[in-house]
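Structures are listed in the sections that come next.
Next come two complexes built around chain A: one with chain B, the other with chain C.
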Partner chain A sequence: MLRIAQKEELQKMIDGFLADYEVIGPRELPGKGIFYQPITNAQDLYLGERFAIEPVKKFFFRPSEYLFEGGLKEGSEFLEGIPLAQNKRMIIGVRPCEARGLALLDKIFNTEYKDEAYVSLREKTILVGLSCQAPGKDCFCTSIGGSPVQARGMDALIFSAGSKYVIEIITDKGKDIFDTCPKEPDKEEIKAWESLKEKSNAALRKKIKIPESLDNIFESGYWGKVSSACISCGVCTYLCPTCHCFDLVDEERKKLRCYDGCAFSDFTLEASGGNPRPTKMERYRQRVFHKFDYFKKNFGEHLCVGCGRCIRHCPVKMNIAEIVDQAPV
Partner chain B sequence: MSEELKNKAKELLTNKKVDLIIGYQRAADGVLAAPCFIDSQDDAEKLIWDSYCVYNLASYLKDFPAKRKGIVVKVCDLKSITVLLQENQVKREELLIIAASCPGVIDEKRLNPLDQQAQEIVFAGKCKTCKTITPAYYDILINEPQKNDKLSEIGQDEYEPVRKLEAKSIEERFKFWESEFSRCIRCYACRQICPLCYCPKCVAEQITPGYFSKGVNLEGNLSWNITRAMHLAGRCIDCGECERACPVGIPLRDINKKIEKEIKELFKYEAGLSVEQKPLLSCFDKSDPEDFIK
Partner chain C sequence: MNSLYLPHLAQITGIKQETQDIKTFKLALLDLSAGSFFNYRPGQFVEFSVIGEGEAPFCLSNSPTRMPKGSIECSVKKIGKLTQALHDLDIGDRVGIRGPYGNGFPVEQLKNKNLLFIAGGIGLAPLRSLINYCLDKRTEFKGITILNGARTPKDLVYQDEYEHWRKAKDTQLHLTVDCQEENWACMVGVVPKILETLAPTCEDSVAILCGPPVMIKYTLPVLLKLGFCETAIITTMEMKMKCGLGKCGRCNIGPLYICKDGPVFNYAQVKNFIH
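Right, the complex of A and B next:
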C-alpha cells in the first residue's frame, strides 16, 4: 500500500505522533555525527543520507540494562523483575539494514527463547524506515540479501522523492499511523518511485562474494594474517546491528546485562585462567565464522546486514567485507 | 618518499636486520591507510608513507615480543616509544626505528562520510600545534624533515581548547562532560588503541572488587573516562589516537591536554622527551610543589 505526502505534510504528521508516542529519530550533532535520540519536534530530525553511528539495536537490546533485583529484605528473600517497557514508541528514519538487523535479532531473542525485555520493547515500538539513495562506499547490503529500499522488519518505509515523500505501508501498525495521510500516488508518481528504487539499488556499488561455507578454512593461516591489525576493541561488535553477545554482572543487588564482544581478550576467559581464544586470530575468526557460517547453519541466513559500520568506524580500517570476499575457500 | 621507504625495508629484511616491519599500507578503499606487518621482501612493496598514515603503530609492539621489529614512526609516535622504553615495556635492541619526515596527518573525522574522499586535506588537531620536526633519535631517517608551512602556525596555542573549558564554571564544565560522556558506549577503543595502555588486566575489567559500574550510565562512563585519563597522567604524549578511535566523538584530547598542562606548570615535566628522564609519578624531588598538603 502506497501513500504520498508533501514534505511539510509529513512533518505535520510527525508532530502529531509526538502527542501519542515517544518519537526517536536521527539527529545531527555538529562535529560528532548522526545519533538516534528522542525528538521534541519534527524539525529535529535529520533525514539526509548519512548513517547514524550507532544502529537502532540499542533501543531494543540495550547497551546495559538491569534485568532483576534480588536479595534479602526485612529478613526474607525477594526477587523482583525490573518493570518492562510501557510506553508506545516510534522510531523514524531507520535504515533498511538496521531494520533487517532487528529481524535477525528476533531469531535470537523472540523465538524459542523469549527475552522479556527485548520482546516488550519490540512490541511497543513502531518502526518507520527511510530508504537510502546514496549508500556509503562501505555499504554492501545487496551482497547479503538486503537492499537500500528493502522494508523487512519495518512497519512503513519512507522514500524521499523531490519535494514529496512516498510512504510504503507494510504492516497494520504502519497503516494505523498513516491513516491521516489519505493521498495515494498516481500512475506517474508510482513510476517515478519505481525508478527511484532502481536508482538506489544501482547506487550501491560494493559487491562482495560470500563463500557457501567456511568449514574447510578454519585452520587456515589466513585468519592470523587478516587479524594482525585488530586492536581488540568493541567498536565493530557494539556498532553492529546484529551482534548480540552480552555479559552478566552483579552490581549491588541487581543483575546487569551489558554488551560484550568477541574481540575482547577476556570474552572467553575462564575462571581457571584458561582462554580458548587466547589471540586475536581465534577471536577475529570467531567473529567472521559467527556471522558468515554458524548463524546460517542454525538460522538459515547470515548474521550480517552489510551496513558497513564495522568498516567505517574501525579505528584501524579492518574490512570484514574484503576479508570474507577474499577468503581462500 | 614511499619508494625510499620500500627500498630501505627490502634491504633490512634481506640483510635480516629485522624480523618484521610494522608500517602502513593502502586500505582496501584505495584512499586511506591501514597498518601492515611486513616480513618478506615482496610484501615490502605494500609500504606507503603520506598524510593518511594516521595511526600510532607503537601499540602493536607488544604483539611481537622477542622479535626484532622495524617500526615506521612519526615524531609524535616516537615519543610514545620513548615512554615505553622508559617504563621497560620494549627493549631498544629489539627495535629498529624508521623515522619518517611527517607531512602532517589528516583529520579522519572531517572526511566526507559518504565517500571519505578528502577534497582538501584537513589536518588533525594535534598537527596544527606540533612544534617538533626532528625526531629525537632514530635508526633510519626517511627524507630530511621539513617544516610544513601549512602546519604549526607560530603563536598557535596548543592549550586553547583547554583554556576555553577552564573558563567555564564548575557546573557548566560538569554539564559539558556529562553530555560528552553520555555518548560513551564503553567499547574501550580509546584504551585498546593507546600504546601506553598496556595493563594486562585493566581496572575496567575487574569485578572482584568492581571499581565502577560496567553499565553504560553516568557513573560508569564518568569513572571510566576519568580513570583512563588519570592513568596516563605524566605519560600521555598526545598522539591523539584515543580521540581519533572514539566512534562517538568524545574530545578525549582535551582531558589529556588538561592533565599535561597541569603537570607542565607544576613539575616542569613533559612526557616522552627522553628515555633517561625519570617517569614523573615514579620519582620524588625535593623541589616538587606541596602546596596542596594542608
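Right, the complex of A and C next:
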C-alpha cells in the first residue's frame, strides 16, 4: 500500500505523532555526526543520506540495563523484576539494514525463551524506515540478502522523491499511523518511485561473495593472518546492529545486563584460568564464523546486514567484508 | 513481568565437605509453585547465584530419583570469586537458582546397554546423577562399570556412596589416583592409562565421560581404540556461561551452544571443535 505526501505534510504528521508517542530519530549533532535520539519537534530529524554512527539496536537491546533487584537481608528477602517501560514509541528514519538487524535479533531474543526487556520494547515500538539513496562505500547489504530499499522489519518505509515522500505501508501498525495521509501516488509517481528504487540498488557498488560454508577453513592459518591487526577494542561488536553478546553482572543488589563481545580476552576466560579462545585468532575466527557460518546453520541466514559500521569505525581498518570475500575456502 | 534471568530463591538445607576444596550443597526451593523447575533430568544444570556476588552454572549432581520434590544438589569446587562466596555460605542461607537448563543425558539411548562411566575429579558430579538414576532403575540397563580418578585419595568425591555402588547388581567401581599415597589400596595411574589396562568391552556399550580437558583429550583416543563408535562416546562440556539460554553468546562450540544444545554431546557432534 502506497501513500504520497509533501515533505511539509510529513513534518506535520510527525509533529502529530509527538502527542501520542515518544518519537526517536536520527539527529545531527554538530562535530559528532548522526545519532538516533528522542526528538521534540519534527525539525529535529535529520532525514538526509548520512548514516547514524550507532545502530538503533540500543533502543531495544540496551547497552546496559538492570533486569531485577533483590536482597537477602533479614526481613526483606526478595527478588523482583525491574518494571518495564510502558510508553509507546516510534522510531523514524531507520535504515533498511538496521530494521533487518532487529528481525535477526528477534531470532535470539524473541524465541521460546523470551527476553521480556527486549520483546516489550519491540512490541511497543513502531518502525518507520528511510530508504537509502546514496549508500556508503562500505555498505554491502545487497550481497547479504538486503537492499537499500528493503522493507523487512519495518511498519512503513519512506522514500524521498524530490519535494515529496512516497510512503510504503507494510503492517497494520503502519497503516494506523498513516491513516491521516490518504493521498495515493498516481501512475507517474509510482513509476518514478520504482525507478528511484532501481537507482538506489544500483548505487550500492560493493559486492562480496560469501562462501556457502566455512567448515573447511576452521583450522586455516588465514585467521591468524587477518586478525593480526585487531587491537581487541570491540567497537565492531558495539556498533553492529546484530551483535547481541552480553554479560550479566551483579551490581550490589541489582542484576545488570550489559554489552559484551567476542573481541575481548576475558569474554570466555574461566575462573580456572583456562580460556578456549586465548588469542585474537580464536576470537576473530569466532566472530566471522558466528556471523557467516554458525548463525546460518542455526537460523537459515547470516548474522550480518552489510551496514559497514564495523568497517567504517574500525581503528585499524579491518574489513570483515573483504575478509569473508577472500576466505580461502 | 518476571525477567527470564530472575532466579528462584532457594535455601541451603545441607552442606557436605567432599574434599578440601569441594562442597556439596543441598538446596530447597522456597517457591514451591516454581512448577517446571522440579522436573530435571540427569545431566542438566542450574545457574546458581549468590545475590550481589555473581552467578555461574553448576550441574545437578544427584539423581532426580533421590531428591524430594523441589530439592537439588550441586557440588562446587572453590576456584574463583563466586565459588569462594558459595563456600562461605551456611545452612539456612538463601541463594538464587535458575533452570534447569540444558539437554541432559540421552537416557533412552542408554537403555539395555553396558554403561562405562569415566570420571576425573569433580567431573564425577554430573555422572553421579546418572549413575544413581541408573542404579535406581537397574533393570533398564546392562552392566555398569565406573572408572573414577582423582589426583590423590583425598580428592575423591562422593566417597560415602562407593560402597553402595560396589554392592549394586552387576556393577563395578574402579578407583585410581595419580600419585601413590599411604593406605591406598586401589589403583595408581592416570585415567586413560587405567582405561587401557581395564579394556572394557565396546560391544553394546556406551561410554559416558566427564573430567578435566586433559583427561578428556587423552581418554577419547583410548575409547576409539577400544572400538567405541563416535556416537557411543558421550561427554559433558563446559565453558564460561552467563545466560544459560543460548543468548549471551560465549559458550558455543561451533554452531552448538553448550547451554542450550548441550551440555551433553556425543563425540561425533564436537570432534571438529575440541583439541
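To be clear about the criterion, the second predicted complex is superposed on the first by the 325 of 329 C-alpha atoms of A that agree within 3 Å, B and C clash if a C-alpha of one lies under 4 Å from a C-alpha of the other, contacts with A are read in each partner's own complex, and residues count from 1 in each chain.
By our rule, a contact is a pair of C-beta atoms (placed from the backbone, for glycine too) under 8 Å apart; a residue touches a chain by one contact, two chains touch by 3 or more.
Being a predicted model, the structure only gives us computed values, none of them experimental.
Novice: Taking chain A as the common reference, can chain B and chain C both be placed on it without clashing, or not? Answer clash or fit.
Specialist: The answer is fit.
Novice: Of the two partner chains, chain B (first) and chain C (second), which one does A:Leu79 touch, if any: first, second, both, or neither?
Specialist: Only chain C is touched by A:Leu79; chain B is not.
Novice: Please work out whether A:Asp247 is in contact with chain B alone, chain C alone, both, or neither, and reply first, second, both or neither.
Specialist: both
Novice: Just checking: does A:Lys255 make contact with chain B only, chain C only, both, or neither of them? Give me first, second, both or neither.
Specialist: second
Novice: Examine A:Ile190 and indicate which partner it touches, taking first as chain B and second as chain C; both and neither are also allowed.
Specialist: Touch partners of A:Ile190: none, neither chain B nor chain C.
Novice: If you stack the two complexes on chain A, which partner ends up touching A:Ala203: first (chain B), second (chain C), both, or neither?
Specialist: Neither chain B nor chain C is touched by A:Ala203.
Novice: Pick one for A:Leu47: touches chain B only (first), chain C only (second), both, or neither.
Specialist: Touch status of A:Leu47: no partner.
Novice: Consider the C-alpha centres of chain B and chain C from the C-alpha centre of chain A, and write down the angle between them to the nearest 10 degrees.
Specialist: The three centres form an angle at chain A of 90 degrees.
Novice: Once the shared chain is lined up, is A:Ala134 touching chain B (first), chain C (second), both, or neither of them?
Specialist: A:Ala134 sits against chain B, while chain C stays out of touch.
Novice: Tell me which partner A:Asn319 touches in the superposition: chain B (first), chain C (second), both or neither.
Specialist: first
Novice: Which of the two partners, first being chain B and second being chain C, lies in contact with A:Ile231: first, second, both, or neither?
Specialist: In the superposition, A:Ile231 touches chain B alone.
Novice: Between chain B and chain C, what minimal C-alpha to C-alpha distance in angstrom results from the superposition?
Specialist: In the combined three-chain model, chain B comes within 7 Å of chain C at the C-alpha level.
Novice: List the residues of chain A that touch chain B in one complex and chain C in the other.
Specialist: 247, 249
Novice: Which chain A residues qualify as touching chain C in the complex?
Specialist: That would be residues 67-68, 70-72, 77, 79-82, 84, 108-109, 113-117, 120, 215, 218, 244-250, 252-253, 255, 257, 260, 262, 267-272, 274, 276, 286, 289-290, 293-295, 297-298 of chain A.
Novice: In the complex of these two chains, what residues of chain A are touching chain B?
Specialist: Residues 29, 31-33, 35, 49-51, 53-54, 63-64, 134, 136-138, 228-229, 231-235, 237-239, 247, 249, 251, 256, 258-259, 261, 264, 266, 280, 312-313, 315-319, 321-322 of chain A touch chain B in their complex.
Novice: So in the complex, which bits of chain B are touching chain A?
Specialist: On the chain B side, the touching residues are 27-29, 32-37, 55, 59-60, 63, 109, 113-116, 183, 185-189, 191-193, 205, 207, 210, 213-217, 220, 241, 244-245, 247-249.
Novice: So in the complex, which bits of chain C are touching chain A?
Specialist: Checking each residue of chain C against chain A gives 1-9, 49, 51-56, 79-83, 93-94, 96, 213, 239-240, 242-243, 245-252, 254-255, 272-273.
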